Amino acid sequence: MINVGIVGATGYTGVELLRLLVTHPEVTLKIITSRAEAGMPVSDMFPNLRGFVDLCFSEPDVDQLASCDVVFFATPHCVAMAMVPELIKRGTRVIDLSADFRLKDAKQWEQWYNMPHSCPELLDLAVYGLPEINREQIKSAQLIAVAGCYPTATQLGFLPLLENDVIDPLHLIADAKSGVSGAGRTAAVASLLSESSENMKAYGVAGHRHLPEIEQGLSGAYGKAVNLTFVPHLTPMIRGIHATLYGRLTKDCDLQALYQQRYADEPFVDVMPIGSHPETRSVRGSNTCRIAIHQPQNSDTVVVLSVIDNLVKGASGQAVQNMNIMFGFDETLAINTIAALP
Amino acid sequence: MINVGIVGATGYTGVELLRLLVTHPEVTLKIITSRAEAGMPVSDMFPNLRGFVDLCFSEPDVDQLASCDVVFFATPHCVAMAMVPELIKRGTRVIDLSADFRLKDAKQWEQWYNMPHSCPELLDLAVYGLPEINREQIKSAQLIAVAGCYPTATQLGFLPLLENDVIDPLHLIADAKSGVSGAGRTAAVASLLSESSENMKAYGVAGHRHLPEIEQGLSGAYGKAVNLTFVPHLTPMIRGIHATLYGRLTKDCDLQALYQQRYADEPFVDVMPIGSHPETRSVRGSNTCRIAIHQPQNSDTVVVLSVIDNLVKGASGQAVQNMNIMFGFDETLAINTIAALP
Amino acid sequence: MINVGIVGATGYTGVELLRLLVTHPEVTLKIITSRAEAGMPVSDMFPNLRGFVDLCFSEPDVDQLASCDVVFFATPHCVAMAMVPELIKRGTRVIDLSADFRLKDAKQWEQWYNMPHSCPELLDLAVYGLPEINREQIKSAQLIAVAGCYPTATQLGFLPLLENDVIDPLHLIADAKSGVSGAGRTAAVASLLSESSENMKAYGVAGHRHLPEIEQGLSGAYGKAVNLTFVPHLTPMIRGIHATLYGRLTKDCDLQALYQQRYADEPFVDVMPIGSHPETRSVRGSNTCRIAIHQPQNSDTVVVLSVIDNLVKGASGQAVQNMNIMFGFDETLAINTIAALP
Amino acid sequence: MINVGIVGATGYTGVELLRLLVTHPEVTLKIITSRAEAGMPVSDMFPNLRGFVDLCFSEPDVDQLASCDVVFFATPHCVAMAMVPELIKRGTRVIDLSADFRLKDAKQWEQWYNMPHSCPELLDLAVYGLPEINREQIKSAQLIAVAGCYPTATQLGFLPLLENDVIDPLHLIADAKSGVSGAGRTAAVASLLSESSENMKAYGVAGHRHLPEIEQGLSGAYGKAVNLTFVPHLTPMIRGIHATLYGRLTKDCDLQALYQQRYADEPFVDVMPIGSHPETRSVRGSNTCRIAIHQPQNSDTVVVLSVIDNLVKGASGQAVQNMNIMFGFDETLAINTIAALP
């Protein structure tokens, strides 16, 4: 059994983390912090947890948090980087769901997030928490930067093509559709049901913060720089990301075999049969990334369809997967759940 | 470990039953039948089950089914009553999610379902599968008629008032709102997203088949005839029932205490604090019925808010709860799941 | 042609008012105010108006507004009452979509809105803008308090029963379901798609501000005090109110005939044939209130189903209907639109 | 005034056509046919039309239809081609919303629709009903093949780039998202709210029938063959198409100016300012195609965002636009409506 603390559990990744950790047989939830809601029973805010979580939100306290075996940060960016250095110093392991430690280049981070990074010296220490790439480093990591939602769906979809050097790396296209929960539990007009229901729109076409994260990951896999056009869309649903990926093939090869081999041993990547169309609802609430590969009209354009639940494999499920690897638990413990259909 | 068969698992209660039973530590799934889809892998129809269910749909075969410890019927009405007599004769236990054995009066059944009942002699044998009323009989039952969705939400909401004789039993009102999955996985124009999304309507006001079922249950609890006005509504969501119940109080009493006492030991009924408004999403995918009691403006009208997931506590979860009771398992086994929020 | 000003057009009733007035052949839009957005082209905020509205939002200015023939207030409560006295003094006619002048009793207003009313002397002057009751007074009114959304659907549904004294006036029940746009274009967590989609809940059961408004209207029609239990629900859709009304019949009568006679000459009330179930989508974007009457199981409980679009007949369409009556235009001008199905 | 007949008005393009034609000042609706519903008042099936349409559905009768000035076909494919030859022979003008006359090459048609074409000799006579390309030919056309929904959004988005020869014509990509109404008012499991709500998926990636239609149109504009990868997606909403188009730039040019010039005189194409993201809801119920152009990160990949209402500019509105042009009416008559927001 390990003791676990969560900083900032009033958002959607927070409550999803609670849902998963509550059923984890090796975890004792010790601390759930929220500056704004300190004192309130967690289950008052999230009635789905009535009878499952007895804790109240508390003020974040470094001493208490440092006494945990691992601390999750389910916070907006810039919160983790203020507290993580002290926890790292005291030897506490940290799993950060925010973007604070995802980019290796502090300059790039500062450019995309419009503020100085307060602990750039930790960027090298941080392991990018995408187990399908970094499983070995995750085992011994002290600080995990959990991969983002779009980046998870996009990287898992492109990896086999780039690792095997069969597409033009400079003209990658990711047309990604996300449910509204990706915008978080923040009161914002654009996320109102009245604004985002019965509606479809692209956003951030000029530049989205997940672009450098994806390019960094794909460049790492390819060995050289890659270039991506990334167009995210807001879709009228709560959960789910559907990434439709396009690449120009530079070699003939058995694409289906490529993917099946690459992911043969991955517990949370499901390569579907030829001709399939994965649905986001088939992974809703589950930690699976489901992928299908197409080469329409036998042209030289490959189309990869990659779906995840943005709050599970795209955030909290992946965070628990990282934790399982870090502590030597069965990697699927507490996250091997089945999507509820319909 | 018990061997389980499911007849007719191509509908929504079927796939939900599979989701729950797959994780049940005491259950081995042996047979999943579908005349129409015999031979098709179950996970081809329901991709959320890929990696969890290896069986194919098979033709229903009484000999095979009879070899199971228990057989679930997740079928439209009139299917179970054709096969159940033979299974009962052979000693197999049966849990029927359809309406075939819910009414005790064959004449009434025939009037509401417009056809003769083929085995009225089994109606007395059947135990109405609402554990909060019939837990003792369920333990030894051979045939369970699982309570319907509207009837579960409505009865659990009215029970404490009627059992304690504090409302006028002849003027009960149930204004119930259901998600579209209640209409099943049948191709019907009225259930299309284009017809039922961005829309609210009542239906079946002149008479709905759940009305006699509810009145039978409430009359049983009250000891005398009751009279209910039941107005179901189609709500633009997939899952969930919100029953808003109205009664005229005939006595002063502490309503909140009444409910808390009645349900103190019930694992799946959650009486919320005074002033609460339960949300259907707080029970989505879970087996809980969440209830709040109001007496607005201190008038003599009591308002009870009762929410369930129509496919879980209103169908498949309740079916598993019945099974757990029948076989002496922990009553919450495999159904003690938390709703995913949001 | 009349000159029209709108105060506070950045909300949902505002943009809906613009959509209707733009096509009105007798209206020239002169002023559209918004303190927060002064200077911004209206069509930048509402791209559906690109090519139809060239005006920019401007600071509210009493002199300019007073030069209009009529000024609409599409503002939260407490805004209109600060500006209306001056406009009234100068002879400008005012149509207020907010709640500031709906209640005749200032004490009651202050109790429900938790603040002093700044011009109680105008409450008598104000005509309650529900044309089906007050058409004659509206013609010459200088100040209109447009009826609220729930109150419109509820009053139109109960009126024939109370005017003909055929139900118990002390035990009325209104179970009302509203789309989320009823909560306005305010950034609020509860109105997020991620919170309100795939969810159904009651709210404000202990007391909603529309309760005294409805009771005032129904008491007026009945001639004596009435008593209402009013339970509003938040429904996962953008537009639409479905009011399900319950009353205890005290006399035998031909209910269908009662309604058809009452509304025979009303251009915006459609009494459906016996056995009908009106759908909110059948009035989406239109100014119609569609009603059906049921007496299930021939009991003494009458059930009335009444649907409107909360932003049209429940707000902006009704406001234009009032304006048409005030200025002697055809009552249906610019609001005789057909709902788009699906 | 012209007399108008509609064949097959029980589907979504049919009811939308009725909504628009009912308000058309130059149109008298004479005949609305439906073999299946002959005798039923149209407004019984579509209650939004109560009070606006008094006709009943009738059996299709060529003599009656031939007496109209123009006949619309709002039918599935293969219905129009059985009746159109006779109407053409008698001199009646025909506007076909189906796919029967869209492709110029009968062989290609037969390959994609899996059946022989019964009147290939009419393919040359038919004018492709996309006014932004064929306005002149439409004026005198006797037979119009109204452009499809995806083809309208995609062609209007790509036209300026191809006409000006600034992109690689052999690697066009159209990632298109459609609301569920695109699948029609047919009872199909995949279109149920329970299946398609809270879900996103691609479909028909291997080949969709709109692909040859788009390629034919774009090849015509370009002057040589083009090659398109077309990936349609089912989006959880009723109406709207969002086409996200990708092309590889081969020349430097002022893209924004290109589009503004191309569509300067088009009443139904709205080129938005630089940096915009058009929303499908901004054209819901309206005949506008709204477009924005992006060149993210200054790469050589151009991204065009193009939105329409699939039932209006993508079907019935465009059909009326064609009719207006054919009969010399103001092109915007009866279709110059504003989207209702929210």
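Letters A, B, C and D mark the chains as written, and numbering starts fresh at 1 in each.
Just so it is clear, contacts are C-beta pairs under 8 Å (C-beta built on N, C-alpha and C of every residue); 3 or more make two chains touch, one makes a residue touch a chain.
Worth saying up front: this structure is predicted, and the values here are computed from it rather than measured.
For chain pairs C-D and A-C, the one joined by more C-beta pairs in contact is C-D.
The chain with its Cα centre farthest from the Cα centre of subunit B is D. Computed centre separation for the pair subunit A/subunit C is 45 angstrom, with centres defined by C-alpha atoms. Centre-to-centre spacing of subunit A and subunit D amounts to 39 Å, using the average Cα coordinate of each chain.
Remark: subunit C and subunit D have CA centroids separated by 36 Å (rounded to whole angstrom). Counting partner chains per residue, subunit D has residues 12, 179, 181, 185, 194-195, 197-198, 236-239, 278-279, 281, 284, 342 touching two or more of them. Interface of subunit B with subunit A (complex): residues 12, 15-16, 19, 22-23, 46-52, 181, 185, 197-198, 238-239, 270, 272, 278-279, 281-286, 290, 338-342. Of all residues in subunit D, only 12, 179-181, 183, 185-189, 191-198, 236-238 touch subunit B in the complex they form. Subunit D meets subunit A in the complex at residues 171, 173, 175, 177, 179, 194-195, 197-203, 205-207, 211, 227, 229-231, 233, 235-240, 242, 244, 246, 248, 275, 277-281, 284, 294, 296-297, 299, 301, 303, 305, 307, 342.
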